[in-house]
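Below you'll find a set of structures to go through.
One chain, chain A, links the two complexes that follow: it is found with chain B in the first and with chain C in the second.
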Partner chain A sequence: MFKWLKKKKETGVKELPDLIALFSESKDFLQYEFPQNPQPFLIYYLKTMVDDNTLHRDIMPYIKKESVQTLEDLKAEVPIENIIITDDLQKINDGLLHGSVVIRPGKGGKECAIIKAPVNFTRNVSAPEVEFSVIGPKEAFVESLDNNVNLIRKRLPVENFKMKQIKIGKLSKTKVAVLYLEGIANEENVNTVIQRLEDIQIDQINDSSYLAQLISDNANSPFPQLIDTERPDRVASVLGEGKVAILADGSPLAIIGPTTLVEFFSAFEDYFLNWIIASAFRTIRFVAVLFSLLITPTYVAVLTYHYELIPKDLMATLISSRREIPMPPILEAIFLELAIELLREAGARLPTKVGQTIGIVGGIVIGTASVEAGLTSNVLLIFVALAALGSFTTPVYRMSNTIRLIRFPFLLFAHLWGLLGVVIAFCFMLIHLLRLTSLGRPILEPLYPLRIPDLKDALIRLPFSFQSKRPVQLQTENTIRFKGAQAKKKNDFDE
Partner chain B sequence: MFCLCLSLLSGCVQQEIVDDINLLTAIGYDLEEDDKVIGTAVVPVYDAEGKVSNIVYEAETRASKELRSKFNAESPDPFVSGKLEVALYSKKLAEQKGIIKLIDALERDPSIGSRVFLAVAATDVSEMIEAKYGDIDTGRYLSEILEHNSDRGILAETNFHSFIYSYHAIGEDPFLPLLVLNEDKVKIDGIALFKKDKMVGKLSDEYLFTFKVLKQKFSTNDVFTVNLNDDIYASVFNIKSRRKFSFENLNEVPEVTIHFSITAIIKEYSGTNITPAVIKEIEARMEKDLKKKSEHIISKIQDLNADTLGIGREVRGRTRDKWSNKRWDELYPSIKIKVVPDVKIRETGVVE
Partner chain C sequence: MHAKVEEQFKISPYLVFFLVHSIQLGVGILGFQRVVAKTAQQDAWISVILAGASLNIVLWLMYRILRNKEGDVIWIQQQIFGKMIGGLLGTVWIVYFLAMSATVLRTYIEVVQVWMFPKMETWALSLAFLILTYYCLAGGFRVVAGICFFGVVLPMYLILGILFPLEFAHFYNLLPVMNHSAKDILLSAKDMSLSYIGFTTLFIYYPFIKNPQKSYKWAQFGILFTVLIYLMVMVTTLVFYSQEQLEKLIWATLTAWKIVQLPFVERFEYIGISSWAIVVLPNICLSVWAAGRAARSLTKMKQRPLTLFFLLLIFIATILLKGRTEIDVLNDMVGRVGFYIIYGYIPFLFIVNLIYERVKHK
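Presenting the complex of A and B:
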């Protein structure tokens, strides 16, 4: 009894041959011997992890050289830096797994040379797809961490750009980088991020969104608390503001925080456009989101309880569109909302070309057919379509999902208690948002707590000459970005 | 716990789904013999193509709300009154019984807005409600006639709120527009003058404009025609009017002067040239005309002892605690009310 409780006997790898034997079970593990040498070498590597060019150009010729007799000779000859000579099995193990070539003198001896020759299959830097902008840089992160850090560092050539690296995941051993500008970012924010990352207990990190979920303040909130972005320019910009960025190897998304709710509604393109245009677009986005959230619940509430509120000119349109419909407004609305969600989900899961077809089938056929069949009213069809459109104006994809989801409780409240219910639901949402924090900083800032200086880049975006101070919310160590007073002046003439 | 409350309490709210109710848009009251009131209500029915037909319900009652249960008994959907646009009262009812008891029901119902129109029907009420006015719901048709005329036309501002306000105000009596059914159209035929809630007299439609000038400040796009002599006349429009009271001898027998200043633009002139002299003449004619009509209106309301212009309210505002209702009732018919008109022509239009 309780045998299963006892620790399994360690099948520990004590000696190098054990390790080799373990690896040999994989088909892509290769081992060669070079007997023609007076001092023959044994060479081990994982074929799938090693770059053939490096191996044959920079390693093989030197091994075959007469003069190379010992590992020390090899280290001196091979034109690759950081050759480690060690007998540490753990290091040898790691080296093999990360694409190093392990060379061992044939006549025994525990020491091995670990020569790095990893192969990197990465795609090229391409244009951002999720956060596309008409104007502005057309580069997006790729899956390689070094590549991504390079993209950011190119935009911030300063020595206080710091990168801390942590490995997370028992199986995946993902390299996670924390980036910040020392002397600008608040130490507390950096420490919070690093501490939370270090505390993570998980086997695999396959994308940075795993991290975003694991380190967010309230994992049970439908609202995202950290922004993920695929734009290096955006990351560079927020690092300059004093935020902290997290990158994970193998993920084309950077996570940035602490953030605010309004930041989820600001597209990075806002900074490429003139401040008037950008503010107008941002306002439109806010209106669209509120509209998208409230229009169907309001429709249900008004048609179910508050017929008095319908303007007399709209009465005929509304009533005649609902005349033949057997369902109460709530079922009608849920039916249409679900139809839209189905379309979205189907479109997202299918390849692009089929997705388009689904869009047409859904939009035109289902929409018109359900109106003609008398299942839904065409007024509601317009509202639902507009609401869906409104939710897609949110620049951060995560937020648009949230907005579409929380519409359903609103609908339910609207059906149960009319407009009063909508107000109650709104209050619940507001209370939740008031309690929500992003890396310990209130997410509703600058609206609540009111931080007037931060309103310069919230609901509207004021010109750059107004943006001379870093956001108060971040409690940065150096609050001044540049001298605002001088930025306003334009010296066209030499005096 | 919260979800439990939510599901339990939701049963307490009465659903009124918009296509499952009868929206009453106009209601009319008429007086029958032996003091019975006949209520006529109209409900628009919208079909799927957006066409409107009107269904009329009729019932006898004493209490206004009792009508609803009688209407309900013969209707497929329940009646609701939140979309009421117009309430009509027959002249007979307004003159003999007074209308405040019927208005009380409207006043107490929170779903009825204060911008509902009230009017007195000089012709048969039920005929007016039953008549077909084309592809439009009857209540909306009636309310729109009153709405645009009181917003921009020659009808002095009137609605449920202003009626109730002047009814309850001390030193003021309400008035209502007077409607007549003329074949298949409804026309504003004048003003029904009230003493408290009883109609005591009427002003015919030629006095509508002058009454509005006396009653309130306004601007209108309606046209006022001035006859200079038999075949020369001028039409003025874009009229802006301002009215002011001034009082003398407030504490004894007040003497009231009503100043009004009007600016306008000439729109049409049948003579040849408009010279400054002609403008002077048009102004003088208009002043004279307005003065004559004003004096007629004032003598009429004084005769009826109906303070439609709210002069008592103005006096009370200026005398404060020396005011006495009883004394004013006795004084009002005999006080001196002078009218001082001032007309200015601002432009003569674009010609040449």
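Presenting the complex of A and C:
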């Protein structure tokens, strides 16, 4: 409980009046008296937490009634469910803090009635902004847990949809929900999640990404190990696959796991498009990410050490663009990469409209000017801009940040040992990924351990008729999604 | 007593394909042609096949020795020969695996120094590789198997580099076929077998395989794949170079890569040598892992301090080895020891094991 409360408790909060005195120090705490026969009712509540409509429509009129004499009468009359009559200070305290109205008979009597009348200000469900898709559903999570669960449950009207709830945070007491489909999701995964959530020691959970960091397998890895999404359709879909979702009250992001590295590069829109086109887009994304990771380090490596690698004609272009640049390739590259990072960070911190202006100023003016000033070569400028674009193709925002960050060690190794350095840095990343797990399952799956059935939805996405089994990686309790057999159409050629 | 491997740390049988293949394909393939073609000349490709075929038998012997046993070779040796002699033989294995990894690492660094960075400090690159190795080993055997897997899959594109020289091939270089005596061809086959050694690490990681006997066919496929790649490289080399030329080439494969020309790449060997790091790393990882594991079964100490100690030994060894001749001597020595292990000790162990099993079951 609250530290300050505990201290006071030891010194004096043993009686209801002490508690009331404590609350009275806040301006939004209200107390009235209703003179009434044979005894007056005292009423307490936090103005900012209570719904005025409920209070005036469903509570006040009944208190004023002549026939209502005791708390039991009140409980019978007021049309609100779950009215508690208690003298437990803890419960009264919690009730007040969560928007309940506390009513007490004026003369003596320690017992109080706690009537729930909380007000909920939430925004309406709006279109996804981070994971926007051109086609497909246009709803995204909001900050209310109940609302979010409702969005998912509407898409999965089955009785084995289970929701476990835990409260986390000494101060924030955030409601955290674990969602899964019983009989499909592996019990082990669910237990791992719940176990890790219960072990969390923290004062505040302000967003579900706190949870993602606290329960991930390796907190010291730059790679995210759980996906967060704002799309209810995506959550419903992965629940059906047998994954586990975690939602926190006050957060518009759901966390899903266990996941794989390739899943970070699959947009949910891939499932709305025809499989050929979706596969092509996915492939483009993988190539873009590899390009984005390796192009500047390769540039630095080649221009620092391996001029011979470049054919004569191409060399001429490169040399002429670098002729007047006073800096070694590594400084040139770091300068430009940092410039892009600066633009991105500035754009992210500023309001949308100003951010766009910054983008134009930065992208066009600074870029052109630095080439004209002879600080960078225009070839590298193209590479860096393309690399930035490449990293932005990653559908999961967290992953695109990682890709932007790990480029810098690659650059340093490229400067140190040329192409060999790039390969060594790559090996380091590879071993790191091999060691990484998501809720205890290898993150490089289905590439390693090689699981051929899971390749149906990895680097490419095969048509739905191939997706009749759940991923092997999740070790689901029911592996069959649907029966794959379909009536084959025959035309005159087959007859 | 020996430590039993828990189920969750075991690997699938098919991964044995990659484990066997990846350690056979190391630095050797960059320049084995000159040595092998010395006696058999244009018939060297027959030696490649012959040496490869002999491995099938050795592999069968190995699986026969390991059958129905839950321990590695160190444990088996102690069972058969007793604590003292068994322990001594175990030490030989450890030294052999360590020498193998030191050789591979030092030879690779030499290639880098000769072809890419003449002024590269040996210790720097060696340190980088050993840190990578440690990072890999600390993840457990599953990660070691993973790096072997990627060490085979990722550098596949380098095979294309071998095909480019075919544009300038003189296929009549291969003629006349079979005009060397059987003795010459066998001598070449013996030289060839030096390139194939290394898969004896199977003796150590065998307890880590789920349904180990099922992995037998994968191990055979692994060897077959190795033989195919060596054969491809050998034939390409033979038709591309004349015999006189080949005698002077230490790194024939690398020299052949120089021919590759793409619109945006002129000197393919730079890409080849750099990418080769992904091929060499699994070699080092697997053999150091095998040494550490063997030492663990022998001494009952923890694998981490043992491995760190071994890595330090390898580091010192790579620094102390200087110059072409010393590296050559080491390569030759490790090859020779490997040869006697494969064709001398393994059949011997097979027979002793057979007697041991008979006696024990009576």
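Heads up, the rule we're going with is that the second predicted complex is superposed on the first by the 470 of 495 C-alpha atoms of A that agree within 3 Å, B and C clash if a C-alpha of one lies under 4 Å from a C-alpha of the other, contacts with A are read in each partner's own complex, and residues count from 1 in each chain.
Keep this in mind: a contact is a pair of C-beta atoms (placed from the backbone, for glycine too) under 8 Å apart; a residue touches a chain by one contact, two chains touch by 3 or more.
Just so you know, these numbers come straight off a predicted model, no measurement behind them.
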| item | value |
| --- | --- |
| Which of chain B and chain C A:Pro311 touches, first, second, both or neither | second |
| Partner chain in contact with A:Cys427 - chain B first, chain C second, else both or neither | second |
| First (chain B), second (chain C), both or neither touched by A:Arg322 | first |
| First (chain B), second (chain C), both or neither touched by A:Gly418 | both |
| Partner chain(s) touched by A:Ile334 [first = chain B, second = chain C, both, neither] | neither |
| First, second, both or neither for A:Arg435, with chain B first and chain C second | second |
| First, second, both or neither for A:Pro449, with chain B first and chain C second | second |
| Partner chain in contact with A:Met49 - chain B first, chain C second, else both or neither | neither |
| Set of chain A residues, in rising order, touched by both chain B and chain C | 305, 308, 310, 312, 417-418 |
| Chain B to chain A touching residues, read off their complex | 6-7, 9-10, 13, 15-19, 21, 23, 25, 44, 46-52, 80, 82-83, 85, 111, 113, 137, 140, 143 |
| In the complex, chain A residues that touch chain C | 305-306, 308-312, 314, 417-420, 422-424, 426-428, 430-432, 434-435, 442, 444, 448-450 |
| Interface residues, chain A side, partner chain B - complex | 302-305, 307-308, 310, 312, 315-325, 328-329, 416-418 |
| Of chain C, residues touching chain A in the complex | 11-12, 14-15, 112, 116-117, 120, 125, 128-129, 132, 135-136, 138-139, 142-143, 146-147, 149-150, 261, 263-267, 270-271, 273-275, 277-278, 281 |
